[in-house]
Structures are given as C-alpha cells and as structure tokens.
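Following this line, the structures themselves.
Each of the two complexes below includes chain A, the first together with chain B, the second together with chain C.
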Partner chain A sequence: MTTEITLRVRSLAELPRGIEPPRDLWPAIAAQITGEQRQPEAQPRWQWALAAGLAALMIGVLLGRMSVTPQAELVARSALFDAKFVTQRNQLRSSVLQQVAALPLAERDKLLRSVTALRRAVEDIQSALGQDPGNALLQELLVNACQDEMTNLSDIRNSEMKL
Partner chain B sequence: MKTSIPVILLASWSTIAGAATPIDKRVAAAPGNAVRVVNVAGAINIIGGTQPEVHVTGTVGSGVERVDVVNDAGTIVVRVVLPKATLYNRDGEATLTVTIPAGSRLETSTVSADQDVQGITGAVQLSSVSGDFDARLASNDVQVKTVSGDIDLQGSGKTTKWRVSTVSGDVKLLRAAGSLELSTVSGDAQLEIDPLTSFRGRTTSGDMQLRGRVLRGADISYESVSGDLGIAVGTEAGMTIDAATFSGEISTCFGAKGKPTSEYSPGEKLSTRRGEGGAAVRVKSLSGDVSICDHP
Partner chain C sequence: MAASVTAFESIYREHSPTVFGLCRRLTRDTAAAEDATQETFLRAWRAFAQFESRSAIATWLHRIAVNVVMETRRRKSAQMLTFVAEPLPERDGEWVLDTPVEMAELEAAVLALPQGARDVLVLSGIYEYSHEETAAMLGIAIGTCKAQLHRARRLLTDKLSPEAAA
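The block that comes next holds the complex of A and B.
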C-alpha cells in the first residue's frame, strides 16, 4: 500500500533554504572553469555567468520534470535573477545598443528589432513561467532563449560594424 | 583663361575622391586550393570557372590602399586592404569579380559588401555583417552567417549540408536537398528542400515556411518563441508529430488539431502519426502558431 503525503506550505519560512540537486554538478563545473582559466582570452566572462545560471536552471528543469514542487519552482526562478549573469547581460545589451546606434538608419532599425525581440522573448517566457512555474516546455524555452540572447548579442558586438 | 573657384574646387575634389581604379590580377591555383575573399564595402561577385587560376577584376575606390591576391600556404587570399586611418571619409568600396576553380573551398568575409556567388562545387563558407547574399551553389557543404544581411540561396538539387545563421536578415533557400540547420532572431525564412533528411530550425520571432519532401528517417525539429511555423512536405513513409505550444495554435491539413494542455492555460499539444510514421516532426513554441501538412 502506498501512502501519499501532501504538505501545504503556509509561509516562505517553511521552505528549505537549500536544495540538493539530483547529482553533484559542481566537480564538472569547477573542472571546466579551471580549464577555461588557463586560456582566459579564449572565453568571454559572460559565458561563465551564463553557464552557472543555466546549470542552476537545468537543475530546475530536471526537478520540474520529475515532479512539480515548490522547491523546483524556486530553483528555476532563482536562476533568472542570478545577479552576475543579469549584470553582464545588461552590460552586453548596452554595449550592443551603443554600437547599433552608430549604424545607418535602415540597418539600425533592423537590428534594433532583433535586439528587442531577444529581450522580449526572455521576458515573455519569464512572464509565462509566472503563470505556470512548473511547465517543462517553458523552462526549456527559457534556457534556450537566454543562450540565444547572449550568443546573438555577442555576435553583433564582435562583428566589425564600422562602415 | 579665367578659371572659376567652383571648377578648381571640383577638380581638387576629383583628385581627392578619384575615379574608380581598375583591377586585373591573376594567381595560379589548383582545384583543391582554398580561396578566401575579404572585402569591406562594395560588392564581390564570385564565379566558379574551369581555369586553374584565381582571376580578380573590377574597380576600387580611392579609399582602397590596394588589393592583395596571394597564395598563402596553399590558400589563395584576395583581400581588399584599406588604410588604417584616413583624414577624410574616402571611398573604400571595391567591386570585384573573382573567378576561381569551381571545386575550390571558398571562404568569404565582408562588412557591408554584398556577395553574389555562382557555380561553386567545393565547400562554401560565407559571412558578412550587413551585406546581402545571392548564391547559386552545387556544393555539398554550405555555411552562411550574417548579422543583418538578407540571404538568398539556391541549391542544385544535390545533397548538401546547409547551415544558415542570421540575426535580422531574411532567408530564402530554394532547390535545396539534404539537411539544414537554420537559426534566426527576427528574420523570416522561406525554405524548399527536396528531399529533406534533417531540419533543425530555431527562431525567436521570425516565421518559417518549410516545403518539400521528407525521406524515411528524416528528423525535423523546430523551436520558436513567437515565430510561426508552416510545414507542407510530402513524405516517403508518413510522419510522427509531436508539437507543443504554451499559447500558440496547432493545426494540420488532415484534420488533427492541437488539444489544450490544461483547462487553465491556452497552450496546445499534438501527438499523432501519419502513415508509417517514417519521419519525426518535433515542434516547440511559446506563442507561435504551427501548421503542418503532409503534402506540399
């Protein structure tokens, strides 16, 4: 006979402060970071922040797929507000917007639409996650949208748009 | 004879701006050589030829320092060189026609220069920041990358591995066969691939239309945030479909419809099989609409 236990949470204080991931991801992440530190010029800093943020988010996705629990939602949400990642993303956005502002009007409009689309995509998915925090489809889309935003912003920044 | 000041000024400006300077250079090349063409502004027109040489003709503006055409350790490099700093904004455009052995591996890089490429059968890698592409290719490996340029590609019906990436440019790929990896942010895509072995499409807000015919074992996957997807492909052995959206609609031409994922959210999900289910179609979207048809 199986007994199902349902816990109702009345306040945030009742939630655990830490959550154990299904497996210890840190050794692999640490090894990767150590490896990357040997070649600092090859990897921009934002990729580390993105990797850390996405690793946390992936834990949320995995937990979310196993069961929809308040803890999984908290993990997924916490990744969205990783301060280092948000700071670097905002810096990258600002840098790209300055670069785009110097372009001829038609090209500037085209690129601004894309930059706006990237930002809105992340915001729209975050908003949808607010309505349905345990939705695995949204969590996956969010991970990919964050990656796409950083990759595309970096591509624009690294392009030689001088003429 | 009396000469007016405007005429003197005009003559001086003509000297500064200069008329376009003609270019005509040749370098011997074997069919297996790689060819790299680098130009900042203007246009490059690359043609696959039959002669064992790289032949560069065209004109360059007064702001161009020189055009190098050299064999660099087996790679023929055609490079438009601009001075590092100029006191005034001179004409740095170069309009070049580059004829290369058709079987060469080709690599291009431009900033705003448009690219027209015809008749190349070797592997092709084209990149530009804002230049447009117009290419008719018979290669088996094509990679095109741009930030804001539009991409217009045409295959030869030969099986090719296509990889296309753009931020805001639109993509048109016709008469293609083989596999395609395509990513855009806001650019739309119109695709005709027959036969199609594999398609991976990813967009943020661009719309994609895919037509053609899919083989048994083909794999089609598509992901968007708000971009719509229309698939209308004939099949060799039917298809299995797994599509899910958070708020978009899913429809088919054969009567199957997306079903709500829950009574509390607007999302839809469709899992169905047509015929033998020989090809796999997987679609994920936040708010994009998805339309699937098993004939063109």
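The block that comes next holds the complex of A and C.
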C-alpha cells in the first residue's frame, strides 16, 4: 500500500522552479548544433565566390573606363551583370529576407527599409547606366552601391546568426 | 570562450528543468514549452562566446527563454496587447496565503491567470526576479510590472482564499 504525500504551500517561492521536460530535448539540440558547426567550413568558399564576383565587376568597370569603344562597353556591361555575382547576391538576399521575417515587427521594418533603399539605389544607377553606358562616374557609383548592398546583407546575416 | 558540445550538454542538463519550467508556465502548453526550451538552448549555444561570466548563467538563459516565448507570441498573434491601468500597491511585501493550499492547486491557479499578470507573477514570484529585471525581460515599464503583480496576487487570493476576498 502506498501513501501519497500532498505538499501544501503558502507562497509562490515554495513552488519548484524546475520542471523536468517530459522527454529529453538534448538529442535534437545536439543535432542542430553539430549541423551548424559544419556550416562555417562552407562559408569561406561562399565569401570567396562573392569576392570574385565583385572583382569581376570592378575589372569590367576599369575596362569600361579605359576605353569607350563599343567592344569595351560590352565587356564592362557583361561584367556588371556577371551571372555568378547576381546569383550569389540573390541567394544572400533571399536568405536574409527569410531571417528578417522572423524578427519583431519594428526591427524587421527597420532592416527591410535599409535593404530596400540600397536595392533601389543599385537599380537606379543601373537604369542610368542603361542610358549612358560609358559614364565612368555611374560605373564607379554602381560598384560602390553593389559593395554597400553586399556588406549590408552580410552584416544582417551574420548578426542574425549570433542570436 | 571556446564552447564544446560536451560542456554545453552539462549546462543543458543542469539548467533545462528551470528553463522548461519557466517556458511551461509562460506558455501553459507542454509542446510549446519544449519548442521554446530547445530554441533557448540553440540561441544560447550560438551566443555562448558573448556570454559574460559575471552574470549568472541561469539568469542569462531565462532572459533568452522569455525572449523566445515573447517572439513566438508576437508571431502567433498580431493583436496589440492592451493593458488596463490599475492602482499601484502601496506595499510590496511577499505574498503569503493565510491557509496553505496544495502545490498543484497553486500551480493551476497561477496558470489560470491572464497572460500579462501571469508573466510578471511567474518571473517575480516563482523565479524571484526584481521588478527592474522582470520589467526588462518582458519589455514593459516598471510601473506596469508592479501593477500586474498586484493584479496577479489579488486574483490568486480571490481564487485560493475566497473567504479573504469576501
């Protein structure tokens, strides 16, 4: 025969602070931690690809500035829309937007405003370059705007990974 | 601070009951509390390098847990939380029942409290955080925190000692 002891209390401080979870949550946590530990190995390659894309962009712009012959303009323009660079940027952008979507409203709005403002700046400069492809100032502005956009996206992505 | 998975597991083993207890009381749902506990420890792992050893690890984990629960609530409901101002208590002593009640009865009465009052009561009454710490964790004003605690205690008294309320 067992006797059940009923504990009686008079204050909140007497309640136990800890409650054992009904199941062990550690295996799922450990699996995610281990998965995240593997990711940094791939990050340098991703960053190198971005750097290579930006380098291609700058070489293209330099070529464009050295000569305004139709062929050089073509090289510059093809570099400005380097497919690999655009793909990397789009991937980073969509990953950041997914992360931002999980944030509280105020923080999300603030980050989205900065991301959108930089994207618009890039698009505006690209549009101006479409009308004046040989304009060295616009080309330089575009490189700077692209760099600012990438830095902004990378900063958001890295800061979101921390917490 | 280099964090090894083994060392972090020992932190999980030591602190998961209080983190789960806190999440369970704030969410009133076992599955949601499990998710919140898991997310708390994942965030703690990611931010472990920034952990300042001068602050207690339990407090640090509790802050993360409260953030996780609050974020989940905000995602689930876009409704604005409204708070009806109530008079502040004149004294802020410990809340003690005249007649002891069963532990399960008190726990159930706490869980039955309205969300805002329950949040404050759990953090300051059970986990014994100060008004300042509780208000900071919940992102509310200290005055609101005191008023919610007063409200929670009054509701608990009404529920557990009807004769006192009469």
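The rule we apply is simple: the second predicted complex is superposed on the first by the 92 of 163 C-alpha atoms of A that agree within 3 Å, B and C clash if a C-alpha of one lies under 4 Å from a C-alpha of the other, contacts with A are read in each partner's own complex, and residues count from 1 in each chain.
Going forward, a residue touches a chain if its C-beta (ideal position, glycine included) is under 8 Å from a C-beta of that chain, and two chains touch if they have at least 3 such contacts.
This structure is a prediction, so every number in the text was calculated from the model and none was measured.
Trainee: Would you sort A:96 into first (chain B), second (chain C), both or neither based on which partner it touches?
Mentor: neither
Trainee: Could you say whether A:110 touches chain B, chain C, both of them, or neither, answering first, second, both or neither?
Mentor: After superposing on A, A:110 lies in contact with chain B but is clear of chain C.
Trainee: First (chain B), second (chain C), both or neither: which does A:143 touch?
Mentor: Neither: A:143 stays clear of chain B and chain C.
Trainee: Based on the superposed arrangement, let me know which partner A:152 touches: chain B (first), chain C (second), both, or neither?
Mentor: first
Trainee: Quick check on the superposed pair: does A:124 touch chain B, chain C, both, or neither? Answer first, second, both or neither.
Mentor: In the superposition, A:124 touches chain B alone.
Trainee: Overlap of the chain B and chain C footprints on chain A, residue-wise?
Mentor: On chain A, the residues that contact chain B in one structure and chain C in the other are 161-163.
Trainee: Which stretch or stretches of chain C touch chain A in the complex?
Mentor: Listed in rising order, the residues are 5, 8-9, 12-13, 16-18, 20-22, 24, 30, 33-34, 37-38, 41-43, 45-47, 50, 71, 74-75, 94-103, 106-107, 110, 121, 125-128.
Trainee: Quick one: in the complex, what on chain B touches chain A?
Mentor: Touching chain A from chain B are residues 40-41, 92, 111-112, 129-130, 147-148, 167-169, 183, 185-187, 202, 204-205, 223, 225-226, 244, 246-247, 265, 267, 284-287.
Trainee: Chain C touches which residues of chain A in the complex?
Mentor: Of all residues in chain A, those touching chain C are 6-23, 25-26, 28-30, 32-34, 36-37, 102, 104-105, 161-163.
Trainee: Any idea which chain A residues touch chain B in the complex?
Mentor: Residues 103, 107, 110-111, 113-114, 117-118, 120-121, 124-125, 128, 131-132, 135, 137-138, 140-141, 144-145, 148, 152, 155-156, 159-163 of chain A touch chain B in their complex.
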